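Common to both upcoming complexes is chain A, partnered first by chain B, then by chain C.
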Partner chain A sequence: MHKEVISDREGICLVILFISGSTLAMPTGAAAGRDLWLAILFAIVIAIPILLIYAKLLSLFLGKDLFDILEYGFGKIIGKGIGILFIWFAFHLGVLSIRNIGEFPVTVSLPETPIPIFTLSMIMLAIWIVKEGIEVLGRWANIFVLFNAPIPSMIILMLIPIMDINNIQPILYDGINPLLKGTFEAFAFPFAETVLFTMIVSSLKTKKSSYNIYIKGLLLGGMLILGVSLTEVLVLGPDLYGATFFPNHVVARKVDIGETLQRMEVIVILATTTASFLKMSVCLLAVCNGIAKIFNLDDYRGFVTPIGLLMFNFAIFIYKSINEMTMWASSIWPYYAFLFQVILPIVLFIVVMIKRNSVST
Partner chain B sequence: MKKNKIILFMICINLFSLSGCWNYREMNETRLVTGLAIDYDEKKDEYITTIEIINLKEGKMKGELYESRGKLPFDGIRNVIMKTGRKLYFAHAKVIIISEEIAKRKIISVLDYIYRDAEFREDMGIVVSKEKTAREILEKYTAKDISPIIGYHLEDQIKSEKIVAKYHSAQIWKFIKDLYAEGVSPTLPAVKNISDQKKTYPVLEGLAVFKRDKLVGYISNMESQSFLWIIDHIQGGLIEVDAKISEKLTPITLEIIQSKTKIKPIDNENELMMKIDIETDVIIGNIGGTEDFIGKKGRAILKKDAEKQIKKQVEDTIKKVQKDYDSDIFKFSSSIKKEMPDLWKKIKPKWDDIFKSLKTEVNVVVNIRGSGLKSKPIKVGQ
Partner chain C sequence: MIVVLIILGYIVIGIIEIVPLVKKNQKRELMLYSILFGVAFVISVLLGLGVKIPSPAKPIEKVVRMVIGK
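For the complex of A and B:
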């Protein structure tokens, strides 16, 4: 079997699409209110060192992924135990993004269609693409980033006439606390979710590739999210932004240039759907890859379908309603994900560095 | 080969079963709603909804009215289906007319429904009926040759705001956004029926002034123009000026080409004051006499008179709103919050009292940019 390799460019595209996945649809950092743009900016800045740790881990062990590194760091049993926790995290994240993309069309335009109709068709495609492997996923991202990044930017430009600068002024009116809370939310969803890439990207070209992918992907994807969120707040105001389930869709509806260019929400739905598809595919790939590593299997392709269908089922009964979903995403998710996004990687990093130093001396 | 054939067969089967829509609706099976009027029946505590739908059956566009009742607007609107027999489609609804009664007490339930429902477009217009009920606006309409559909007729009027500049249209989402803002009170255009040449049709007239979410009164067309000036939303429209060059007054109409207003709060020695700087570019549109207001001297006089007039008009409007309604429709609180956030935090609880006695300073600059096609007034030969 030949070894799968993805290029840096493909990796960057993967990260960009992954970051913009659910965030194009759902609000993030709404706690920061009018200072949302600052919160996202801070979140990007805080995410840089964390992502550098992920990148360093990948670059130290070229050709290995998180599960191999965990085993190296903590030994076989504890390493595998933590590996299982990470698999659960990836599984859960995948379930959440499937549910997001299921709720999105049902809420905004097709209230009578059952959610499984959307999620099932998406998960089928995700199973297919994961079976094809990370190379195909990378090439897919390479194409769709050309489609997905310009659309939100185009909508931002078209919304300039109805933006109101008063919506973000005065800066820091409510003090620093909401800003910090919003920063934390935006950091956990979506930037630090890129920890998943340590579970799948074992096939990079050079030692520098991981830095390249993480940092460039974060900055480009972060800029996209920043632009979109800032537009949403400039148009809707902080209160309506926080009160709307899918603000990007709502602002796209308001595009009206000379009464000819309007009702752009359809292409926003397209952009959101494709980006979320990539997000759930990456999650599925991470889960399958992890299981293969834990059980010392050569290939993960045999159980992609059952895992995918399991995720599909979880997505149906994990929340009772969309209200529960948004409450979870903004209030509980950041704290829950903190363990996997920050604590465990840092502990692993320290252990690995100590071990390597003691070996070399 | 055999495998390929099976796959082809399966694809064909799927084409038939998957290409349809889940819940498709044909044009002829839905009713397009173009306008709604919502009234409130106090005795029964019910909302009365009147809906205008397009009847496409007879080849010609024709509006039809249906009425129904419900505990809340949504309930009432669903009940219409019992009469029309077919599902209503709201995405093309252009305008919603609410009665005074609703505007005074129950507007939130109407707004909430429109804003929550996925089918409505949030940029539809909302107007307050000055008639006894909102239904009358739809019911008494007879000017079918202006536009067969009242909803479209009202929408056209709302869109003419730019050139008429005597009312301020409110899209629902902007109205809600203003409700969220601290200290600010929103406005809505008011509508009433007029009759001429045996036709009855609705016209927008002035603005309905709210205090938070409750209607408190109306301001006239002229005052609405001043209001537009203050909120920097005037893009056209006319100014009537009486200018004096020799002894008698000459009426002159100026057309606004563009205008810019800056509002700045000034806080000197605990006395808050709003500084309103208006700069308007106009052209001379109509001179009601033979006096020369186009020459250098005449222009200077006209400029001064126009500035004085606008200043007075704006000041009067502010005073009236402060005295009669005490509601900050000019968004002064927003500019205070923006420029002096610390001060705003202090004065927020007693903003209503402060607004009532808030001092304003209006400075108007009128720039006369031209005089239409002609450079001289008409002269009558002796």
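For the complex of A and C:
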């Protein structure tokens, strides 16, 4: 079997699409209210050192992924145990994004259609692309990033006439606490979820690639999220932003230039669907890769389908309604994900550094 | 009715995916595949019958709330 390699450019596109995945649709950091843009900015700044740790881990062990590094760091049994926890995390994130992609069209445009129709068609495609491997996923991202970066920017430009600067003034009116809470949410919801890339990107070109991919992807994807969220708050105001399930869609409906350029929400649905599709494919790939590593199998392709079907099933019964989903995503998810995004990688990093130093001296 | 469709769907997927695995004689992969496939099949059928399956989100929520003390 030949070794799969993805180029830096493809990696950056993957990270951009992954970050913007569900976040283009669902509101993040709504707790910060009118200071949302500050919260997202802070979240990007805080995410940089954490992502540098992931990148450092990947570049220390070129050609290996998180599960190999866990085994190196903690030994065979504990390493595999923590690996299983990470697999669950990736699985849960995949389930969340599948549910998200199912709720989105049902809520905004097709209320009579059952959710499984959308999720099943998406999971079929995800199973297919994961079976083709990360190279195909990278090339796919390389093309579809065009739908996600320039088109929202165009919509932002079209929305300038109805923006109201008073929606974000006065800055820090409610004090620092809501800002910190929003920062925490925004940090956990899109940015630090990129920990999943340590589970799949075992095929980089050089030692510098991981830094390149993580930092450039974070900055570009973060800028996209920042621009879109700022527009949403400027147009809708902080209260409406927190109250709608999919503010991006609501905002795009408001585009109306000379009564000819209208109904831009179709473009938003396109962008959201492609990005969320990539997000769930990455999650599926991470789960499959992890299970293959835990059971010492050479290839993960053999059992992509049952895992995809499991994800599809879980997505149906994990939350009862969209209300429960948004509540979970904003109030439980950041704390739950903190363990996987920050605590475990930092512990692993420290252990690995100590081990390496003691070996070399 | 929907259960019949689910069973048919799983049979089709099974024929497409399991037969090559059996031919290649990969025992470990076949076992793993059958376990995962069986679990997915059971959950699908239960959902098709309208059984309420307890969501894993609830216990996680409880643990998280316990840890952060809210």
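In the analysis below, the second predicted complex is superposed on the first by the 361 of 361 C-alpha atoms of A that agree within 3 Å, B and C clash if a C-alpha of one lies under 4 Å from a C-alpha of the other, contacts with A are read in each partner's own complex, and residues count from 1 in each chain.
Everything below uses one rule, namely that a contact is a pair of C-beta atoms (placed from the backbone, for glycine too) under 8 Å apart; a residue touches a chain by one contact, two chains touch by 3 or more.
Since we're looking at a predicted model, the values are computed, not measured.
Touch criterion not met for A:L261: it reaches neither chain B nor chain C.
In the overlay built on the shared chain, the residue A:F295 is in contact with chain C alone; chain B does not reach it. Once the two complexes are overlaid on the shared chain, A:P111 sits against chain B while remaining clear of chain C. Once the two complexes are laid over each other on the shared chain, residue contacts for A:R253 go to chain B alone; chain C is not touched. Once the two complexes are laid over each other on the shared chain, residue contacts for A:I316 go to chain C alone; chain B is not touched.
By the document's definition of touching, of the two partners only chain C reaches A:I332; chain B does not. Judged by the document's definition of touching, no chain A residue lies at the interface with chain B and also at the interface with chain C.
Contact residues on chain B toward chain A in their complex (touch as defined above): 22-23, 118, 121-123, 173, 176-177, 180-181, 334, 337-339, 341.
Residue ranges of chain C in contact with chain A, taken from their complex: 13, 17, 21, 26, 28-29, 32-33, 36-37, 39-40, 43-44, 47, 52-53, 55-57, 60-61, 64-65, 67-68.
Taken in their complex, chain A has these residues touching chain B: 107-113, 117, 166, 169-170, 173, 236-237, 239-240, 250, 253-254, 256.
Residues 92, 291, 295, 297, 302-303, 305-307, 309-310, 313-314, 316-320, 324, 328, 332, 335-336 of chain A are the ones that touch chain C when the two sit in their complex.
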